[in-house]
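Here's the structure we're looking at; comments come further down.
Just so it is clear, A, B, C, D, E and F label the chains in written order, and each chain counts residues from 1 on its own.
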């Protein structure tokens, strides 16, 4: 099985973290193609940055999806995921939705631990859009500016553990989600130190992508995830145009 | 007052409809700059098309916002609006949110009348994201393929009236929203024929943008609509880079 | 354009504040008729007081609406607004709904800053009834008894600013709503000092009323905002009886 | 025990129905004082009519509550109930909330069967305000104009049974609420003919009022149902002024 | 009237508290049969314990319900109530739902005061399942381990009063619910000392059960509370088998 | 890896379907232990039957969980899952939650296709308790009584396809969930014939259980899924007593 993992941002150091964790999480026989966005920002904290990341992800996917069995958009907040899901007939998985699904199978209410104050509003909206806001116990975050996006785990390990403990003790979390690609892999090293189950997006996304490939649920040829109806377009790359030509046979929204 | 009105799609015929209606709706002394996206699709029905439109809108805004008092993103579904709102210190208004606000001041529950079956799921999600799903009576749509996106009003006038009547009689709508830029202006001509108030996105957006300029509510220098925190970027146009340099002074998400 | 602005309470000093702010907010050419309730209480903090204010407002409107283009019920909490909207064929706007609509176009989550502890429950219910409770970040209020309802802004300016700052920093507000007619006009003077956009009810209501008049959305002749069906009444003033005679032509609730 | 039952409308024929059913439903030793509003409309179908009924009810209660153990506001939609509850230190019960509570103890989802199309929107809002909209299976209603509000049960018995059956078979109702004072008593005669439990407002309100008196839960001296804080008033009847003088000792909203 | 009151746990000391309070709360002429589960745990704090209590309650009810007019399952959290309601044609009432209904007739928002930290999650889910989570102001609890489940009221009276006061002052509660069978009767002794109305489950359940018997709402022969459709079973006690033979005549879920 | 799969009902024919599908869905190296409840009913359609199934499942799990890596409770509706999750330190997965998680990664809104009218209310409540009711497009079901619970797929294949098509065309489903253990395996054979992705509970549960084992998220030693606090018990089997002795080290609910 081949999974295409897209970092919708330009940080090679974060791609390295994601790729390493994706390979560790993958089952035997699963191959990971890890790609970094050629344009965009260092990491996504806001809606505007997500808008850029979504477009970068779409273009990368358009160019590289052939030959893969599933696609992972590897930024918390899932930029572009719902749209990209429409145009491919292979599974597309985002980090947030993957982590939420893992968390919901381990407990009732979950807290998200995040890397910056600013990022919390965007994460909250992502959870709202999933329909699971009623199970969100809290979002807690680091407060200081990050020195190096590729070294957040090392620089802030102690504070991250304090945030997890507070989420359990004060907010009623049954499960902790370590959020954001820069925390990829941290969930594997923490469980012994946290009193509730801990999950993250990258490992969840890899496993859930494998599951969706394995289940062979079939492809959307109708409904709102069928390919967009045919219409004129302009100014797009050839791979993007190709995606738009995969028009849905049926139109029953 | 100068309003920048962005059609995030490539259809000049729809831009013509939007621009004409925007000028009719504007107060004396309001000037309209009407721009059409140089890349993208003919009109947006799906999440993938919205993703493209959002990026096209962001780039157009980045290049042209100087000298304007407010920006209108003139596609129902409001592609890119929350993100673009973060990076400008002038008001940014989308057609959906504008029409919803008008409708909510005229009655309790509203129905949306739309141009295609497929577009309904995207509109429904837009209403959900606004928090107003509890006031949505229904979304009804034309069922047949559109011959010409610039002539929907003429080709389908009778059917659109039937949809409005059904929304009132069967779904309990207090107000009708005629949705989608291709229906711009139709709300002005229908009221006599529909038994409840009728609003649309373009005229609502123009008026609400004028109001926001007039109220001078101040600019977000903190909170989740302050400009994104400074970070590295790559591969973006100069105007986009300039927007990203407008970094928030405070960081209190 | 002529707007009828109703203070549903008996405080002339508050009517003065409202009227002054309404005139400042109004577009050139808009005339304001400002009326004070002849019976009722000094200002509304509770459901019982709102019940009285609603009836006082209805009677004032019944007597004076002729010759106006729209009506504003100028108490936060919108006493009587939904009912009065049914019996008039001109727009009727409340302060709360007007401020909420402005706030929703400026950010995602809003906080309300209010003049007393007791008033918070009533405001919370008003927001719940609007369907927008999911976007309410918090309601914060002054804690001490008010010395003079007409001088709240002067007596408590410093505390009000502290409340605004806490709503942004601690509650995640993107926008502040200064609530209650006694704070009319304060929003205009604060923006420089608050880090997010600030709106209030009176100026929002005046502008939105102008917009609704301008949009000419048509009148409800069916649905739940058509005039009440004909039935016997007794013991009402002549103007109230006249309103009840404006019976809906259609009955399609 | 003495219960004050207020018909907030002017229809003596409906008061007769309510009073008869209240007496049948009451426990031995419970006395019913039945009063009809001296001003208002024949029956309430809309928000404007409810606004009038609320004020009429408040005035009647103010004049007559002394010597009673609890008050029932006997119109579906509960006009004035939350407000009146604030100013009395005896229980106040509305027909809708009483019927909802009975229904919720008999099943999960309930349907409301009502006397007119127009009345449905007002009932729906009443259920929304109770927080129980998620358990509302449907609201169904008679479609034709009523010949005589005091004889709805006789004129429309067959249709009402058809509506109940449809609510069970098509809408998934576990319990039926027969709504509106004009249907008082019908629930007692129908059960044999309907396949799910049937409740109504009058009998539920009488029994629940007795329960609240019996439980002696204590009086609100703080919180949002304590009496309104002291403030100036004008133009009110002496009994209304007396109610407003019952000012809350504590103010902790 | 005869009420069957089931303690789904094995604590005789708690059954004593429940039975005493049930008899005090009952109307003249109401007889109480008080039974204690022969298997299970001392008291329920978690979902697993509730699962056991539900089965114990079902078996007790199956054996003993004949000759009674209604059944009360006397543990907060209402273990087994929805299921048991399906198989009996007499009313079945749980402590939580009974207390919620009382509270909702006395104010808008309620707080629950409970006997242990751990129990809070289960109570929260019970309120969520009732649809009334929007009216829950808070759940507060004792923090220390309980010395003796039959003497909680005596051992912790002072702390319980502090929790009630905090719920009113800090959380906005209009009403307090003293939760859990071990607190049975405490609500009767506290009102003078708490500034808002106080209710509990046992007395509410007894009174509401009497009401449901008195209203004669009829039996569910269709809908989701009709008896389960006939099907094979095995390994159940004879009384449980008898309950399962009471198969619904109609099957219209 | 060893998975313990529990049929909480007594039907060996259904256990055969479940076991076969579980083995087909499992990864290489995963072993399935399939057990059938020794007491209970043929299949679960109602809350009362679920109450029995939950207790049967708990007892089976208590006796047999040693030596397994995860547990699957193989009835739609997830009887006993939240409780059993508390007492084990290995993952516990229910069919409904597993299918919902798969569906949520494939589209936005899902429909459930079920085997009987009566079962729909129970499924609806299960979805409500998951927090995902906002994404439920519809529940559709077979209408006729089932001849043989082990042969539903063969007897009703055509009707099941019609229900799937209606869910897509009329209800707006993006994904179909084939619900109930008797439909185990059908999802694998249908995709070619249905126009949207199709998932079921058994295969989803097997794959998600494998994922949770692989992620090693850690065990709940605090929060509401830690083992229940120590307390007296009586009348339980030795394995059940053993589960209750696994008391949580920390108590921070």
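One rule holds in what follows: a contact is a pair of C-beta atoms (placed from the backbone, for glycine too) under 8 Å apart; a residue touches a chain by one contact, two chains touch by 3 or more.
Remember, predicted model here, so these are calculated numbers, not experimental data.
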| item | value |
| --- | --- |
| Greatest separation from subunit B - chain, by CA centre | E |
| Which of D-F and A-F has more C-beta pairs touching across its chains | A-F |
| Selected from B-D, E-F or C-E, interface repeating A-B by over half of its contact pairs | E-F |
| Centroid distance [mean C-alpha coordinates] between subunit E and subunit D, Å | 26 |
| Chain centre separation in whole Å, for subunit E relative to subunit B (CA means) | 51 |
| Whole-Å gap separating subunit B and subunit F, where each centre is the average of the chain's CA atoms | 43 |
| Residues of subunit E touching at least two other chains | 82, 85, 108-109, 120-121, 125, 128, 134, 172, 174, 223-224, 252-253 |
| Those chain pairs that satisfy the touch definition | A-B, A-C, A-E, A-F, B-C, B-D, B-F, C-D, C-E, D-E, D-F, E-F |
| Residues on subunit B engaged by subunit F in the complex (per definition of touch) | 120-121, 125, 128, 133 |
| Of all residues in subunit A, those that touch subunit F in their complex | 25, 27, 82, 85, 91, 93, 97-98, 101-102, 104-109, 130-132, 134-135, 168-169, 172-175, 187-188, 190-192, 194-199, 203-204, 207-208, 211-212, 214-226, 250, 252-253 |
| Residues of subunit F defined as touching subunit E within the complex | 10-11, 37-43, 45-52, 54-55, 58, 80, 82-87, 116-122, 125, 128-129, 145, 149, 223-224, 226, 228-229, 231-236, 240, 243-244, 251-253 |
| Subunit C-facing residues of subunit E, complex | 108-109, 134, 172, 174 |
